[in-house]
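Residue numbering begins at 1 within each chain, and the chains themselves are lettered A, B, C, D and E in the order written.
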């Protein structure tokens, strides 16, 4: 190879360290200002949507089933990039203009809603029928059964796959730059564009994503531990 | 206390209950026996409207319902309140302690005062012999203990009638006794009970009457000693020979 | 951000009626919304303090000033820039968009505000390619839609399609292509930032390409206004100042 | 809004139809030539990797567990784009140069391997212990039990989540353009770059992706049906 | 046929088998009873090396193994081949038909000729009364039928000893008989069997001896009539009173 290893070149090494140091702060800022809020808000809305969609899929009302199916099929079947594109640049031609951040939240929530709905549907279906019946028998309504008996148990089952969904979401927020939200990955690109150290900056961005994922896995561990209170091992 | 007239239940094409007529006096304990698939579980579930009967006129406690007619949710709820169900596999809520399981109905559904509901739940758990275990989760309890929580949970609803679907058949042999004891006590206190069970100790010792079901019909009905010793129907005889010692 | 001023204007109006809209809207709102990439130094990029700056940014800001309105820059990727202009998210794009007939079919350009020449970049240890003529049969990394792709093919190069200069340089660095043809100003900036980069400029072309500010088709009067502003800037020396600042020379022609 | 609906403008409408017609062929070509082969090959390699990783996670050998955990954590915790970037533009600085298509296959396989390993791990763990014991009891070795008893049943359980992984993969292949594989989405971008109808071309690309996903869901349905042979409903 | 000397099994700190000494003659059917948790299942599983004993010298058929010493995979396989296990919950392979379940061991493990293995499997299924069901999947069979496939699958391995762990306790009462019948036939043919069961019909009618286990030890051993009618140990008495009719 004609490129020497960067480690054997002290000047370049120093330059890289300098760049890495000075770029961490803006990257972290963008993470805190956009990447994380966008992820968290979208995830919350997405989960609500997902529960509703899952219930629609499970329901016996054909039209609810159909709407839910079509929604999930479209969202999962087409790239997120295109969805954001249409939401942000397509809708204005129909007279609907949404600001960048809300548009991003809508786009990502719709995405999470579709993916998570399958997880939640499976989780709800995995709760033994006897639990519904026991709830019924003590006189609970559908909503009460869901809220007090089924969803608490389904949460336990769906925690690992939902944390996957969240991890994907966090990384997908990098697409928000396409619709004018300057999230962390875009900042990395901006910095790299001036110093041409793409590998370094992308590496830093990856590290930050990884830290978020790692933090998430800790949270997940604690939640699982809490749930495990009532599960034998 | 219970009166059933021409109760039918179909699953799609399959007619599982083909016209049940019977009634149960207040304070009586009735045992239902019969081969697998004969409709015993379906019968009990119809009484608690876990399955909606296809037709039939059923009275439990103060509520009479004609299942041939469309029913409102409210009617069903009022009817269901008359009875409480104990399941073969307990079906406790695994994410709630014994106490929370028993309190759940009174608090969430009947909107009772929390403190009172808790007191009552504790008393019920003491009654079924689980005073020490009120804060344990189901997985920490043996099968027999879980089933006793299940009974306490049903009792907390203050039903007129208790329905039991093979309450001991998932239990280790030496744990059966403790659940039967609780059921015997209940019968002695005058609780009206319908019990699906093949446990001869209960059928012979406690039941006021035994009902033999086959293919969705009540084939024979009588005092336990009569049914077990001198069944009149051929089907009853055949079935009893299968479940009793043959040697 | 983009709704508002036109409510009294029935939207069922035909296309010709919307001709004058952009200028009116810009003046009414007091802001000119400008789309740009923000990742293309020295034309549009973020300086060490994180501020958006660059030659195109300053030119666009000056144009807004002369229109008597605020400049508001919105940043996004190349493809989204065009979509954003179409969707009315931006009034104008300032991002070194080269003037060519294909683009003119769909968009309107201001008068050119910069002229750049193509340079040939190869790896430092490449001794085979010495001029554009040596490109024949070599693999050159080019953004397929840029004018430089045509330049490269005209000398017989095979093309490797890339998304931008950065990727071309990465390919050159990793030895995956033999050369890239690009705008000399971009290459100069790169070499300033990465003096240690193992690449060299080996030839300069005669052909020059011009870039202009980009508007939607039918933007109407605002294009003339922008042209006027550019002409004024050139006239009173402001353009020269900006150009000197970024390139140390006048890059208009 | 100041933009009129395109539907009221016959000239523009006609232009859009023209572009759509002429671009479908190249898009389909690119799908058949790159997007699909890349997806399928990577998925196959990824699955093999995923099974091995899942077994490593389940195994009692601590070092296997650790390797598998680190691998999964890194791949899931960092963006695919960065992984491809490092693989393609980073490795050459260490003297390793891989061609675009193989590099894409490696990158995507590693990705699928990490995500699918969690699915497969869960599926294997969901098979009742009694199945392992029954296999043991008739004298099967670990590999025999796995091949004849556990994996066939785990396939049934993991089919829906794996089809999710495949769907994601198909769409993720659009990132391959970053490392010079001119897959379908890249072709859409190239065409749009000449006529500036990004919305239209992206919509067409989305449609093609959706068709693939839809076809997949049909395949999935058939497979589930086949599996259902031995499952009561 | 079986000889066990000082068999110990610990799970971590918990000692579940605390020194089992016993032997079983060829052709004998032994029933093991005892309270839940006393170690009956663990005992059987140790004989089939589904659990590896902590120590103990065990002979089954032609193989003797000292579990205090490290063992090679081959030794364990050879030892395991001597016995075959029938589980409480059948553990049939759900993705294989009855026939495939029975053929799986001979073909995959013992590499027998497919055609011969198939013939033998068919014969075995006919023997357990399932000649009509050979191409059914487990979910299509009743519990009793599934358990009979389980027995056929075990027999196909041609073991010296058959081990049964509560083979009827998951069955509907009226299906118990058909499985017991197959087991009785086996015993009559002279198969050596160790059966954990609380099914008195089998214990009293078929077993040559009954073994009572408690807390990891064999507390009492004797002929069925002796154990059930005149148990000598206090623990045995207490246990028998729990599982037998008390009224």
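Worth a mention:
Keep in mind that, in the parts below, a contact is a pair of C-beta atoms (placed from the backbone, for glycine too) under 8 Å apart; a residue touches a chain by one contact, two chains touch by 3 or more.
Just so we're on the same page, UniProt names per chain: A, D = Cysteine ABC transporter permease; B, E = Ectoine/hydroxyectoine ABC transporter ATP-binding protein EhuA.
Just so we're clear, the structure is a prediction, and the values are computed from it rather than from any experiment.
Taken together, chain D and chain E share no touching chain. Think of each touching pair as a link: the shortest run of links from chain A to chain E has 2 of them.
Think of each touching pair as a link: the shortest run of links from chain B to chain D has 2 of them. The chain with its Cα centre farthest from the Cα centre of chain D is B. Note: the chain lying farthest from chain E is C, by mean C-alpha position. Contact counts per chain pair peak at A-D. In the CA-based superposition of chain B onto chain E, the rotation angle is 180 degrees, rounded to steps of 5. A straight line joining the Cα centres of chain C and chain E is 82 Å long.
Here the CA centre of chain A is 34 Å from the CA centre of chain C.
Note: centroid distance chain A to chain D, computed from Cα atoms, is 18 Å.
Counting partner chains per residue, chain A shows two or more touched chains at residues 1, 3, 85, 89-90, 92-93, 95, 97, 198.
Multi-chain contact residues, meaning those touching two or more other chains, occur in chain C at positions 3, 11, 80, 83, 86-88, 170, 173-175. In summary, the structure contains touching chain pairs A-B, A-C, A-D, B-E, C-D, D-E. The touching residues of chain B, when paired with chain A in their complex, are 48, 50, 77, 80-81, 84-85, 87, 89, 91-96, 104-105, 108-110, 137-140, 153-154, 157. Partner chain D is touched in their complex by these residues of chain A: 1, 3, 5-6, 73-74, 76-83, 85-86, 89-90, 92-95, 97, 115, 118, 122, 160-161, 164, 167-168, 171, 174, 185, 198-199, 202-203, 205-207, 209-210, 212-214, 217.
Residue ranges on chain D touching chain C, taken from their complex, read 1-4, 8-9, 88-89, 92-93, 97, 177-178, 180, 182, 186, 189-190, 192-196, 198-199. Remark: chain C residues 3, 6, 9, 11-15, 18, 21-22, 25, 78-80, 82-83, 86-88, 102-103, 106-107, 144-145, 160-163, 167, 170-171, 173-176 touch chain D in the complex.
Residues of chain B touching chain E in their complex: 35-36, 142, 172-177, 198, 200-201, 204-205, 239, 242-243, 245-247.
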